[in-house]
Amino acid sequence: MNWNLFLTELVAGITHGSVYALIALGYSMVYGILKLLNFAHGDIYMVGAFIGFGVITVFGGATALTTSLVILLVSMFVLAMLGGGLLGVMIERFAYRRLRNAPRIAPLITALGVAFFLENSAQLILGAEFQSYDSFSWKNGELWSKGFELPAGVHVALAQIIVVVGTLVLMVALTYFVRATQTGKAMRATSFDREGAAMMGIDVDRVIVVTFFIGSALAGAAGVFNCMVYQQLWPYMGFQAGLFAFTAAVVGGIGNLPGAVLGGMLIGLAQAFATGYVSSTFEEAIVFAILIAVMLIRPSGLLGKAAIQKV
Amino acid sequence: MDDGGNPNLPARPDEGEPGIRVGVDDWVATHEQRDVRRTGLTGKANDLIDRTPRWWFYVAFGLLAGLLPALTSNGYVIRVGFDTLIYMLLCLGLNVVVGYAGLLDLGYVAFFGFGAYIFAMLSSPKFGLHWDALIVVPLAVVATGLLGLLVALPSRRLVGDYLAIVTLFFGQLFVTIMQNGSRFSLLGIGDHSWDLTGGPNGIPDIDNWDLGGFKISSLNGYYLTALTVFMISLFAIYLVDVSRTGRAWKSLREDPLAAELMGIPVNRLKLLAFAISAGIGGLAGTLFAGLNTAVFAADFDVPTLIIVYAMLILGGAGSLGGVILGAIVVNVSLEALRTPGHATWIFYTLIVATIIAKVRPWRWVVIVIGGTIGLGYLLVAIANEWWPRGTAGEPTVSGWLGTWLNEWVLHPSDPQTIGNICFIVLVFAVLGLTLLKPWLLWVAMIPTLYLAAFVWQNRLVVEPSVTRLILIGVVLIVLMNARPQGLLGAHRIEIA
Amino acid sequence: MFKRVGLVVSVAVLAGLAIVAAALARPSSHSATAAGATCSKGVQIGMLAPITGPASSIGSDQLHWAQFYVSNWNKAHKLKLKLVQGDTQLDPSKASTVAQSFASNKSIMGVIGPAGSDEVQATAPILKKAGLAFVSGSATRVSLTGGQWKGFFFRNVPNDGVQGPTDANYMTSKLGVKSGDTVMVVDDQESYSTGLADIVGAALKAKGVTVDRESISQKDTDFSALVAKAGSAKIVFAPFQLSSQAQLLAQQLKAQGKSAVVFGSDGTFDSSKFSVAGSYVSFFAPDVTTLAANKSIVAAFNKQFPGGTSPFGAPNYVLAQMYAAAITKACVDNKITRTELRLDLAKVKLPSSIFGVPVAFTAKGDVAGAKFYIFKIQPDGSYKTVG
């Protein structure tokens, strides 16, 4: 067995899967509460990536950073999460709120409208060219030369470790928040039964705003994580990522947070191993075929509960 | 309709008679009398429209559209007409599965592509087959319908968004396979590979439609063929719509559980809806391949799906008139916005129309529009005095409108950066406006409108290709918020 | 009760307006066909490019370079040029619709574009029927020139049939690729890339080289699978459309300590984006952005369009320049027709260009004297001509 190939794919799959998982978490949270497929979610991820890029530029650009890596990373994350979160809240307030009791397909089309608007506005303002974080040049490539060695000569870079650990931290924090805090409880109640929650005195509007903020902040962080490892960013990057995240969320069982993470990891790994072992040409086809099979065997997703029909 | 306290109602014929008539439902029996005619001009017109049978409108549409080639020799107009008809056909098919049966099918354009590829393979030099369209087209429709059935068969257990995702995968799978179909190699076994779909190079040099020796080769010919095909499909779907099957679909859409309990064969109906919609998609594909004379996988990817969904939902899912209207509104405005001159007219007309429709009382209409222009002249005068760069830029719109706008809208000499900043400010200003109430709203509108004109003249009109997509996004958001059920939609369609 | 009347009335008004507009469009278009247009009012050129959508990074750059030339020209000349943009979104069927709009717009005299070979194939029948010349700065499929569109379709970039063999030759003669060695050939599933990869793959196979043919998608940013497979390969040939993807591939190879060298094509020729030292790139001209003679032009471009450029952009500057030369010639009598412009364009010879070499078309419509240069990327990221 070629351990080099296997371990490389494993590391790649987990890294990429972490990014998908972060985006999928936001998708799933919003869905859980509003039953809304927020197709603009991927574009928040794009905006987060660009905020990070702005921070790099402010600190002198990739090749001539004027600050330490820690300060750079922290400011990138804080600003990207804040920016993404606020953008999400604005989108909810101005585009979705009036549609809360409309037919479910109406906010779906609105979300597509928001996506059109964000992508093309980004092109108008930032240009269509690919930009690059170029994290290989940060401080002489510390992010890539540091790290640890796995057997069979596979190098795990610091950048990849940051992504995976960062995702884990965010996931643990989210789990704690949803499980243990007052607002988290309100979120769970609202997602279980919105009207019932409102009757129990929960401020549903506030809960929805908080959900959008957290979900979108995670997408913003995912944008930075993604570009730290895979470098390139451009206005249309959110679309594809959004599709994969939507996929991850549904495969894991939409509305179910551990499910979203599981789904993201599954897609990341499936992509990596399909390319490595079967065929790079039909990689996407293989991933989709696997996913169709999963859905047909477990129609409610891996961790989703079968829908209870209320009569 | 409330008939309780309506004084206009004639007395019920059975009023005063004691007891209840056996075998007569009171509510049904008095239906005619409760039907109040509306008054006033708009009321009368509303009545007229409500009472006219639906199909009159369809016939009128068909006749009007048929006149188009006689009215113009401009190939572009006909081409846009053809594209719109293809979109209508696609919406019509999608309407069956989404609007009637209430199933969210995100793999729909794959059927469109499948039809196109079948036509391309069977009548092009690709495999040396040049079959008659009279054979290929029905074959493509049936094959696509069967494919629809095949996709629906394993998916029938799935509901709602799970169905959506599986069909989305199917669509993506289709595109990937077509994109790489030039090197099928039986999963890497052996070194030989077959070229089935032309891969990224697509299938070129497709034959024209050949109807038993009668070749359709001109643009006009294709336009009229597409119109005929659309009208036939429209009436077929209309007939299905008013039949038992159509009613069963709608019951399925409104409440699948209740429908099942009422003994409606839910599974069979779902399969039927999928097959019919796929067949119509395939039909659209054959027309598309015939006129374009080449098919490429990129034509059948998610962007096309998004446009078709936007058309259907905007027009009103479940409504045949909505199918026509949605496709026209979206496609024609997408095309009209390509030209900066037209786009400018559309932009300002929409703004003025919105002001006239929404701002009350009337004197505020004058104040808002006048105030904006007045503010403009004032700012230009100030800039001429203290900021000469602010008016040094070239006018970006030609014609008298452009000249006039140039008099009161600032044109800085290097507008890119300031235009971008103002664009962002404009977005926030417009969002802020939605939070205000009259009359503060009307006052705040004046600087916002000026800002809008400034951004348009200096930034948006210079980048028409990007601008038109931004505008389409805004239109989708605004229209869906204003009319969630779509322009002509039935009031409630629940996808569950 | 919802306002159905308003809706129906507005739809009727819209439909009426559209029909009136369509009817009005007729007489002017007829009269214009016969007489052509008058030059003093300015001459319009259509530009077909994927300005938005997945290929917008290429298309908007192409548009910017052409706009850049036109705006400079208009500052210095009395004869004004106007560029009409047509966004194709790299979708052949949308490109046909836009091509039809150019064909029907009688004030458009010639077309720059389309960008992709598929789009050329889809739009060619329409543009030829309308008598328009169409010149691409990026469609390199061999079969496009010399066939049924001869005299209508031109390109100022050499086709894949020149580049592929040059690259394969260089690998075997200079980079020491021998029979039995492995070369990984990766395409990005677009027709430009698969075409070139096929040609190079076949040429290498003919010399007994083992070719490991792989493919990625333009959306991919994670090439770890390829990197892991590239263990035994000497060279990774990467004819991508996006230079940033070639950069990523090279960086990821390096990060995993692989010795394989990335060999890019004209699509990846961009010293600002593809800069991993030791890699090779082929291009049909010396480096446009670093030639000393171009310094002021490139600086002015970057000032007008900040945000960078791609190798697909600059050829469109040259195209606009060629059109300007042809239009000047056609406009000697202050009249211009499509046919006149087309014939003049075929004969344009630029004695010098930002490519650093003279530019003219062959009788088939290809660029004359097509030759590819091989560059090696230096440790400071600059490109050095090595063959």
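Letters are used for the chains, namely A, B and C, taken in the order the chains are written, and counting of residues starts over at 1 for each.
Just so we're on the same page, a contact is a pair of C-beta atoms (placed from the backbone, for glycine too) under 8 Å apart; a residue touches a chain by one contact, two chains touch by 3 or more.
In this text the structure is predicted, and so the values were computed from the model without any measurement.
Trainee: Counting C-beta pairs in contact, which comes out ahead: A-C or A-B?
Mentor: Between the two chain pairs, A-B has more contacting C-beta pairs.
Trainee: What's the chain with its C-alpha centre farthest out from chain A?
Mentor: Centre of mass proxy via C-alpha means gives C as farthest from chain A.
Trainee: Averaging only over C-alpha atoms, locate the centres of chain A and chain B and give their separation in whole Å.
Mentor: Centres of chain A and chain B (C-alpha means) sit 30 Å apart.
Trainee: Rounded to a whole Å, what is the gap between the Cα centroids of chain A and chain C?
Mentor: That gives a centre separation of 34 Å.
Trainee: Quick check: what residues of chain C touch more than one other chain, meaning two or more?
Mentor: In chain C, the residues touching two or more other chains are 51-53, 189, 215.
Trainee: Which residue numbers or ranges of chain A touch two or more of the other chains?
Mentor: 120, 123, 281, 284
Trainee: Provide the list of chain B residues touching at least two other chains, using ranges where the numbers run on.
Mentor: 180, 466, 469
Trainee: Write out the stretch or stretches of chain B touching chain C in their complex.
Mentor: For chain B paired with chain C, touching residues are 38, 42, 45-46, 49-50, 64, 67-68, 71-77, 79-80, 83, 179-180, 182, 199-202, 204, 219, 288, 292-294, 296, 298-299, 303, 325, 332, 335, 338, 464-466, 468-469, 487-488.
Trainee: Within their complex, state which residues of chain C touch chain B.
Mentor: On the chain C side, the touching residues are 1, 3-5, 7-8, 11, 15, 18-19, 22-23, 25-26, 29-30, 51-53, 85-87, 89-93, 96-98, 100-101, 103-105, 117-118, 121-122, 125, 141, 189-191, 193-195, 215.
Trainee: Within their complex, state which residues of chain A touch chain B.
Mentor: Checking each residue of chain A against chain B gives 31, 37, 90, 94-95, 98-99, 102-110, 112-121, 123-125, 239, 243, 246-247, 250-251, 254, 278-279, 281-282, 284-285, 288-289, 291-292, 295-296, 299-301, 307, 309, 311.
Trainee: Under the touch definition given earlier, write down the residues of chain A that touch chain C in their complex.
Mentor: 4-5, 8-9, 11-12, 15-16, 120, 123, 126-132, 136, 144, 153-155, 157, 226, 229-232, 234-236, 240, 271-272, 275-276, 280-281, 283-284
Trainee: Name, in rising order, each residue of chain C that touches chain A in their complex.
Mentor: Its residues touching chain A are 51-54, 56-57, 59-61, 186, 189, 214-217, 219, 221-222, 224-229, 231, 242, 244-245, 247-248, 251, 255-257, 273, 305-310.
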